[in-house]
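There's a structure below that I have some questions on.
A, B, C and D label the chains in the order they appear, each numbered from 1.
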Amino acid sequence: MSGTGRVGVLTGGGDCPGLNAVIRAVTRKGIEVHGKEIVGFRNGWRGPLEGLTMPLDLDAVENVLDRGGTVLGSSRTNPYKEAEGVERIKRTLEENRVEALIAIGGEDTLGVAHGLAGEGVPVVGVPKTIDNDLDATDYTFGFDTAVHIATEAVDRLRTTAESHHRALVVEVMGRHAGWIALHSGLAGGANVILGPEQRFSVDWVCDWVMRRFERQYAPIIVVAEGAVPEGGAEVLQAGERDAFGHVRLGGVGTWLAEELSQRTGNESRAVVLGHTQRGGTPTAYDRVLATRFGLHAMDAVAEGDHGRMVALRGTDIVRVPLEEATAQLKTVPLHRYTEAQALFG
Amino acid sequence: MSGTGRVGVLTGGGDCPGLNAVIRAVTRKGIEVHGKEIVGFRNGWRGPLEGLTMPLDLDAVENVLDRGGTVLGSSRTNPYKEAEGVERIKRTLEENRVEALIAIGGEDTLGVAHGLAGEGVPVVGVPKTIDNDLDATDYTFGFDTAVHIATEAVDRLRTTAESHHRALVVEVMGRHAGWIALHSGLAGGANVILGPEQRFSVDWVCDWVMRRFERQYAPIIVVAEGAVPEGGAEVLQAGERDAFGHVRLGGVGTWLAEELSQRTGNESRAVVLGHTQRGGTPTAYDRVLATRFGLHAMDAVAEGDHGRMVALRGTDIVRVPLEEATAQLKTVPLHRYTEAQALFG
Amino acid sequence: MSGTGRVGVLTGGGDCPGLNAVIRAVTRKGIEVHGKEIVGFRNGWRGPLEGLTMPLDLDAVENVLDRGGTVLGSSRTNPYKEAEGVERIKRTLEENRVEALIAIGGEDTLGVAHGLAGEGVPVVGVPKTIDNDLDATDYTFGFDTAVHIATEAVDRLRTTAESHHRALVVEVMGRHAGWIALHSGLAGGANVILGPEQRFSVDWVCDWVMRRFERQYAPIIVVAEGAVPEGGAEVLQAGERDAFGHVRLGGVGTWLAEELSQRTGNESRAVVLGHTQRGGTPTAYDRVLATRFGLHAMDAVAEGDHGRMVALRGTDIVRVPLEEATAQLKTVPLHRYTEAQALFG
Amino acid sequence: MSGTGRVGVLTGGGDCPGLNAVIRAVTRKGIEVHGKEIVGFRNGWRGPLEGLTMPLDLDAVENVLDRGGTVLGSSRTNPYKEAEGVERIKRTLEENRVEALIAIGGEDTLGVAHGLAGEGVPVVGVPKTIDNDLDATDYTFGFDTAVHIATEAVDRLRTTAESHHRALVVEVMGRHAGWIALHSGLAGGANVILGPEQRFSVDWVCDWVMRRFERQYAPIIVVAEGAVPEGGAEVLQAGERDAFGHVRLGGVGTWLAEELSQRTGNESRAVVLGHTQRGGTPTAYDRVLATRFGLHAMDAVAEGDHGRMVALRGTDIVRVPLEEATAQLKTVPLHRYTEAQALFG
């Protein structure tokens, strides 16, 4: 299709630092190099479903590089669960003269993109997962920022732990993979690191805690929100749900701090970092990675190389089939946790 | 007393960024200017009670200025609740040839200092309250750091709130005074600020939340941990206590987020900043204030001006009677909250 | 005057973190509380001279609180040096139905404001000086941010100095007053602090440097850009001027590092922080102070209390006559430098 | 060799954030997993030359993870330029019962290590180059921190540039490779990026500057210290040397700002970041990478796999021959600069 066509962009799923950097790079590369017009779709897949658009010119993407969140808004809307979803999207793209769509999002968003590609919609994906649990790419933007924020928190909590001779549990993001826990734990000098990949023994945690106290230091335990003790999730206060029926965040960290208090006789406390990990200005690393993803995604569009997703391999940006986005969850290999134990005591 | 005497230092109560800066300034000024020897007492009042000391020379206070926590350790031990507490302290001071003691701490620590001063112990106080709720001084160190950290969190959460069209509640420190909530709320551009000084109406909060959504922005609510809704603390999940019988932190923020979810139909979330606010490297402001407090406290000791506490008034460090440390809680005047409402909508 | 009038705002002189926070507070308080319309004048006094305006409504001041610089732009234009300057300003105000003007700026900008007030223009001032050298107020916004940035630099440079056993000179802002040098020097643990208030002896600096090396530590010297060695400014490379005839920044720091290299035989290096100190996001402290200044300036306008300037005294915002803005330069009292020497060795 | 032997560690060359993280990981892994004793050699190769040692046990590496610099000190001493250098090193290692040596450093340090390995000294290398210009590894620690600091500076300078409609030149590190310029330029949204790989045309820079001004924005130019204009280095003030005969840093940035001032008529300014880029606390990314390097280097020692260097390939730590450390300078491919131009205008 000719360079006079328009290219659409949308962001789906959870907030992630770097989304605006991708949008900016896509927009600038499209306009400045490939002579495209760029149109933003608002609120994830709801945008093309309902025809919610936002013009993206050079001025629109000034001053967004260092901003968290997404200027396009996001949602978890799935067009495959909407009546005539695919047809409505095709119609919107046609009405807006959109020759190709760049979809920035995680497993769900890219799963939809993959589906649409199979039905002839020209789509290119940009992977986004703050948990870094996508096997098709070495890293995704947002992850470094989350690790940075969690590490700052661990740094700050360490002096409190030391001053009060107290164990502190820090609960970080990571439902299915412990990458944020592993990296922020390594960077913060954590004395125990617990991920969701393997059930943990509270006795084993207590052993490290006591060893640390015996050395006259205070322990910091970094635990992923998805970590589960031996005995299973039922051991946690599994019944607690919020007004919308979602299981409350913060379960495992708070639970573990109380277990440690009871078993060691030393008053432990938990801090649940929660949403602070996913907002705000991206780190330089994430801005660079997100910018490179955006530049390359637009190149793929310009080359008509649809049904693909950009990915980081080593220091290169490559293209992989969109289906790889959802093929395999990348969890932390257990030997990485074992290796980290040299740093615990 | 001659310059050959020794001066003791201790830190009591909760962790607070800037404690090490005070210790460093006391030590350096004592040694370099007044020709004193300095001896640290460990773990608050437990130090002089049990004779736990730590030598403080110039090398000992290198590299501590930018460190959070306290190299002396802390505790909440109250010698007036210990058998022969005062006598034991007097004995320790005598055995260590300590001519005067500098006590760095909050209401409790300085209350003990005031009591000891009344019994002839030469003591000078340095006020420490991260909540900034001490009437005798304009500001105390640690407060600016806590506000800085809470503001960074609000900054980060704003982009998440906007991207997801969601209300976020940020619970900050402040049991009896709302200074951290007020300042971090002003600095972060909060859309509602709630302190402990006045019971708040959830309906009124909902009004601000809805107004914000109507303007197509997302609201951030900053609430002090000590804030109480109309109806009183029983309205909160007052029954929840941890393994040590302490009421759980995080009550009001989490409760309010759920109330907002139910009443507005918009999914709200709470983030409880907790201990991250009180650890880690102090801001430049707090390092300067803490350093000035330390220098002046040592001057007071050198001049034999005991029973006094250093305080900030405008840009000057002054001395006030130790009893002022505990005389009056400095809460936020209600007109300060009213004034802030111009910035809410 | 009725609430239907319009209030003008402008920012003059050099960049300073917090300007946007003042603009935001003025705008919101004017609209939400006092029912005013707010009009921004662009590029300092050039705005009212040439009728360059920018509407300021609630949307215009969303997302500016944490932004450095000024959304209104700035300039050093002085209407008293322009033909019919005052008349043109009066005409612009009339044409734009501006009942009162809030001028945010330093000595020059507020000097003009004072002059205009004397000629019947209803004007209220907000003081801005990143150097903190205005006697009428305890502190001004921007200063804390500059100190914060300079302190971070000193923190970073310390480890380099230590690792390489090298003296490092850090040149900070401060043409006529050494407040930034004093505060960042205290906060960063500098081993010599040099301000413009008193000529310094290089021999004396060398003594401190050698003492520090003898203790097996490396020295950091913080020097204000306006500091002058004994012998006077001619000693520096006074001839060097840039393309516009301005004396080059960075003179004294670079000069001092070379003097130290030659005299001590230890290779010293200088870092000139320059403009990094005056841009970017304001600290929480500066955001709060700037916001309070803005709220109170609008109150003064609403009360018709013209010819006044807002100022910080202790913890209160007060109003002082505009002429105080230019009356007296607030330099660092020499005893403050002497006091700091306890921390040098 | 048995686990009862001792392992030596040294750090050579310029300061770099993450050195202490390597030392800590080496020490902890050696003691906790491999049952080694660890001995530090002070001040680079001077340590083993002169027998300057420092015991490294678990306590020695507490609280160093987040510290910049190196607790071992550094130097640029080259034993091949010292009389009987190799023999003296062998003797020191023998006297200290050191079975293997871990050398952390850049091209020079690892070149010596490679030479020693050829003479039978069991040595393992850890690569360190803040400029990221080593071909054998994807990234080295310290680089991310330098980029982070440079990006923060660009962020701060942008608002100043915008407020004053002025071009700002930021000179960053990079003598032979422009990686820091490229990454901080991409992350900071620079409007021109200049590296040492290719001579730059000032006219071409002026074109971008003017285009930016025409769009009503202000330009930021990021230039590597090693960048050279057409016409060659003589065009710069090449004569200027400091007291030790070293060419002064800051040449190209300051020169370029003056050229831009003269050619565009718009007053431009330069900021030379200098040493601030290489000191202070490492980013989380660098702490993780440095820690992994340290862990793996000790594994290589334990396995007797000498003459090797650890390196990052994708997400894996691998081992490569030590000679690769000096084989090939990794410069920025020119297409990476071209690609970035889409983001300039």
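The rule we apply is simple: contacts are C-beta pairs under 8 Å (C-beta built on N, C-alpha and C of every residue); 3 or more make two chains touch, one makes a residue touch a chain.
A quick map from chain label to UniProt name: A, B, C, D = Pyrophosphate--fructose 6-phosphate 1-phosphotransferase.
Computed from a predicted structure; not experimentally measured.
Chains that touch both subunit C and subunit D are absent from this assembly. Comparing the centres of all chains, each the average of its CA atoms, the largest separation from subunit D belongs to B. Subunit A and subunit B have CA centres that are 35 Å apart. The mean-CA centres of subunit B and subunit D are about 40 angstrom from one another, to the nearest whole unit. If you average the Cα atoms of subunit B and of subunit C, the two centres end up 29 Å apart. The set of subunit C residues touching two or more other chains comprises 155.
Touching chain pairs in this entry, ordered by label, are A-B, A-D, B-C, C-D.
Considering their complex, residues 14-15, 19, 67-70, 73-74, 149, 152-153, 155-165, 168, 242-244, 258, 261-262, 267, 269, 271-276, 278-281 of subunit C touch subunit D. Only residues 24-25, 28-29, 32-33, 58-59, 62, 65-66, 138-139, 144, 147-148, 150-151, 155, 183-184, 186-189, 215, 217, 283-285, 287-288, 291-292, 295, 313-315, 339, 341-343, 345 of subunit B touch subunit C when the two sit together in their complex.
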